[in-house]
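Each of the next two complexes has chain A plus one other chain: chain B in the first, chain C in the second.
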Partner chain A sequence: MFVTILILGLVLGGTYALLALGLTLQYGIARIMNLAYGELTLAAAFVLVALMQGFGISPLLTVALIGPVGYVVGSLLYTVMMKPLVARSSGGKLDVDSILATFGLLFLIQGVLLLVFGPNFTSISYLDKGVTIFGVTVALNRLIALGICVVVGGALVIALATTRWGLALRAVAQTPTSAPLVGLDVNKVARQGFALGTALAATAGATVAMYQTFSASGGVVFTMKALVIVIMGGVGNVGGALAAGLLLGLVETFVATAIDPGLTLAATFAIFLLVLLFRPQGLFGKA
Partner chain B sequence: MVNLFKHAKACTTAFAVAAASFMTAGHATAADDTITIGYAVALTGPNATGAGISTVPNYRLWVDQVNGEGGIEMPDGSRKMIEVVEYDDRSSNEDLVRAIERLASQDKVDLILPPWGTGANLAIAPLMARFGYPQLAVTAVTDKAPEFAARWDRSFWMLGGGHDYATGLVDVLAQARDAGTINNKIAAVSVADGFGIDLIKGARPAFEEAGFELVYDESYPLGTSDFAAIMSEAQASGADSFVAFSYPPGSFGMTKTAQAMGFNPKVFYISVGGAFPIYPGIADGKADGVMAIGGVDGTSDSVKAYFDAHTAFVGNPPDSWASAVTFASLEMLEQAIGRVGLDHGDLAAELSNGTFDTVIGQVKLEDNQLRDLWTVGQWQNGAFVGVGPADKTGAAAPVIPKPEW
Partner chain C sequence: MKYVIYPVALALLAAVPFVASDYALGLLIGMVTYVTLASAWAMFSGPTHYVSLATVAFYGAGAYVVAMLNEVMAYPMILLITAGVGAAMALVVGLSTLRLAGVYFVIFSFGLAELIRQLITWYEINIYGTLGRYIFVDITARGIYWQMLALAAITIGLTAYINRSRLGLALRVIGDDEVVAAHSGIPLARMKLMAFVLSATILTLAGAIASPRWVYVEPAIVFNPTVSFLTVIMALFGGANRLWGPALGAIPLFLAFEYLSAHFPDVYPIFLGALFIGVVFLFPNGVLAGIEGLRRGKKEETA
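Right, the complex of A and B next:
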């Protein structure tokens, strides 16, 4: 029972954490609260299905290649749509402006997805094989999601902590007004942060497509889940998002198995509420 | 502040212009040789998925077919082409009610087709009654249909209630249990939302009465995407029958999880979504034996013709639960108009008392409700066919135990 909860919970948590990594980068570094985040993940999910069904391209290949595509899309999005907001904003205005702008973007992307891919539920069957780990059977595609999450998240944590590039990103995240004083191009770094976040959103979306049913109108579910994890982990804190995602997966699985599956949502939001009340900077954020 | 105000003003102007253009569009269609039919359905928002499967394609297919034949035949033998006024309610009941109000009082359409969903149909029922329009509520599953039909005498309820589907399933399982094919243990899960709650409430006493033991009975929140924990508990429960009162994302998720973990109950039942044409693909081609809510007569030529026409027009086959009934409701409307014309009172009386030849066979409503319904269906040889009630014309014999995944 304990091993079952641990393994199922970690696998579920890995898929949650993968979803949240991009959002935490976008908000933490570029200071853009991207409400269209879920729609961007969905777009990637639809692309994966279209490539698989239309051209027979292996989903794993798409997952590997969609990150760079997402980076380019994110970079363009930042240059075209976000930069004017950044340019004219001062103080806390960017937060509000970016929320309004991406709220509009949400409906734009959703409308395009509905037009192109239709309103139907979409689901593919790929690597739905069971893999037995310590006597517990988990789906291979979810295990892959956990793997991607650990590798990408781990690499990000290390890169942010040890490289010069990571230092620049952290500097802009902490004090965007002082960063130019030490010769940092804030605009460039913010664009990189936003684009990297979009790349991660696309990777997460493509991974989700392998194991979950989705439809063009369901993006907000992803945004909500990611938002809860980002705030729990501390905004902009990649390691925090990883830990919070895994924790959430463990708690949900524990509650579903040992108490009642009906209480998983309640448990999630109970933890969320506790964090907001007692550690508003997030479990791993600095005050 | 000034900026904001300006912006708000620009918005209102734009809205007024848009509304005005809608109105003229509506008026322009009101000519004598046409029938205007209006509807407001969810083309965007969370309900767009359901409406896009069961409702909108059938409305469009029907209009296309009728107009292709020269229009609807009137009692005097003349034909009138159908003009459609279509609004998107954006999955919001407030927008929906406004749109119905506009269809009735500004567009003055001859007939209004119902929206998708139980809640949406209930939301417009008082308004439809006030304006006197007949309401052929198809995609509304409610145990209170008898009360509603009595309260709004021009409303018609055509998809039964949760209780019907729950008892229908129990009947099928009881027969298999009595034949010694399955044990008397049931593992049931239900989504904690209107439909799942209705069904499990109907099923619990029905299972008990039939002598079944519910060894696992849990609900899960709407939006749950991971079923590994639930399914492993169900597998460990020792039940031969797995029953899920679920919405499509759950139905699909549980199918995949069961396949991944090698969970092979003798009966695998899911609810909404099981009858969707995409289901065999989701089940990786191993859908045969899976039971779900709904069904169509697998032996009927008219059903086959309807499936072919739907596939040719929409690009994919219809779902095997609400779609055929939706189409049948439109055929009833067409035949009723042919008999009594467009007067709303006469139409409602004819729909209530008349007998109609439709794609789902001969239909005669009882107290404004369609009671002759498929409650349980099963994938057999790649088609989703009705297996319960067992005494219904065209019922196939259920295959139990289900072949392994």
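Right, the complex of A and C next:
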């Protein structure tokens, strides 16, 4: 029982961590609170299913290619939609503006998804074979999903921590007003941060599609979970988001197996409430 | 002068059901409902800029209270309980988020409707036994219209009163600059909490009053996220900082949405999203302010 929850929880948490990583990049670096994040995730999930069912393209190939596609989409989205908002808003106004604009975007994308793919729940069976680890049977597709999350998330954390490019991103995240003083193009870095976040959303969405059932109207839940993880980990804290994502996966799996699967969102909210009440700066932040 | 105009206008509006057809009355109820929702939303979110995305969480909760209690007690009693439930929900949300930066409040409100929908679904399936309830209340469409009209009048009247009171001033200062507000000795959390609870109570009551129109309710029907979405866009479109802004935004948009959802049900959500983005970009302070800005601009040109 305990080992089952641990392993299944880590598998789910891996996807959550990847989701939250993208959102924390968008909010931390580009300062855009993106409420349409879950819809971008779902769009990638639908693309994977459509490519597999329509053209027989292997989901693994889609997962590999959807990241770069997401990057381009995110880059365009930032240039067309977010940059004008950043240009006109100062201080706290950007939060309100970006929340409202992406709230509209949420319904726009959801409308397109409903129109193209319909309102039904979708799932595919891909590599749905059981593999036994430590006496627990886990579907192979879930393990692959976890592997993808570990590789992508790990590579990103290392790149942010060690490369010059990562340094630039972290500098803008920390103090956007001082970054130009050391020759950083804040607008360019913000666009990169937003695009990278979108790429992660797309990758996470494609991995979700490999093992989970989803529908066009479920994007809010993805966004909500990613937001809660970001707050738990501390806004802009990449390592915190990874840890909090795994933690949420564990808690959710525990609630689903030991109590009731219908209460997983309630568990997410309960954690959120506790964090807000006792550690609003995040589990790993300093007061 | 306005002490004459407003009562007369209200009396005229109250007399409309005697001449309107059933279809027209249905439209009117929808319109007045959204005037109430948008005005109540703007009561808190307008001056403070704390965007609440949880309108349907309160509206739906109001409807659900009626669905759960309509067989066991009298209607006026249910309305009282509804108001209490709305205020209690708002207190929980407010106490946990309004002491912090605005973003936390937005995030909490963003997921609140989905949370309550899932909780009620879970409760109905596991404890009540069946998903879905019937509302049989002895209230005609006219009765609903009059109640909703009264609630709309109260909402706008209360907003006007708040705007002139110390609470309204405090809320505007908070919206302009929270640091300045804190330094002026304004109790930030208490002021925000008061306005939020008032606004949420009205939203919940609106849901209770509108609920007999449904007859059959189920969480997926009642907690429709489009309601939250429409409320925000209507208030923004008219201008969330003005007394009559939300009402003026609600009426044309409600009619437009009614037409579109009937004639183009498939592309309707896409259109809504695009319109919303358009409003955020073109009229950041609402159409009323936009028109005034244009007129002022012209005057300055001629002067």
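Here is the rule we go by: the second predicted complex is superposed on the first by the 269 of 287 C-alpha atoms of A that agree within 3 Å, B and C clash if a C-alpha of one lies under 4 Å from a C-alpha of the other, contacts with A are read in each partner's own complex, and residues count from 1 in each chain.
Methods note: a contact is a pair of C-beta atoms (placed from the backbone, for glycine too) under 8 Å apart; a residue touches a chain by one contact, two chains touch by 3 or more.
Owing to the predicted nature of the structure, the values given are computational and were not obtained by experimental measurement.
Superposition note: with chain A as the common reference, chain B and chain C are in steric clash. Contacts of A:L106 after superposition: chain C is touched, whereas chain B is not reached. When both complexes are overlaid on chain A, the residue A:L8 reaches chain B alone and has no touch with chain C.
Of the two partner chains, chain C is the only one touched by A:M33; chain B is not. Once chain A of one complex is fitted onto chain A of the other, the partner contacts of A:I124 are limited to chain B, with no touch recorded for chain C. Once the two complexes are laid over each other on the shared chain, residue contacts for A:D185 go to neither chain B nor chain C. Looking at the shared chain after the overlay, A:D97 reaches chain C, while chain B stays out of its contact range. Here chain B runs into chain C after the superposition, and of 5-13, 77-85, 329-337 or 383-391 the stretch doing so is 5-13. Taken together, the two structures place residues 110-111, 114, 221, 260, 262, 265-266 of chain A in contact with chain B in one case and with chain C in the other. In the complex of the two chains, the chain B residues touching chain A come out as 43-46, 48-49, 51-53, 91, 189, 192, 218-221, 223-226, 228-230, 232-233, 248-249, 252-253, 256-257, 259-262, 273, 276, 278, 281-284.
Those residues of chain A that touch chain B in the complex are listed here as 4-5, 8, 11-12, 15, 110-111, 114, 118-125, 128-130, 136-140, 142, 211-218, 221, 252-253, 256-257, 260-262, 264-266.
Residue ranges of chain A in contact with chain C, taken from their complex: 33, 35, 81, 84-85, 88, 92-93, 95-97, 99-101, 103-112, 114-115, 220-221, 223-224, 227-228, 231, 260, 262-263, 265-266, 268-269, 272-273, 276-277, 280.
Those residues of chain C that touch chain A in the shared complex are 49, 51, 53, 96-97, 100, 102-104, 106-108, 110-111, 114-115, 118-119, 121-122, 125-126, 178, 225-226, 229, 232-233, 236, 266-277, 279-281, 284.
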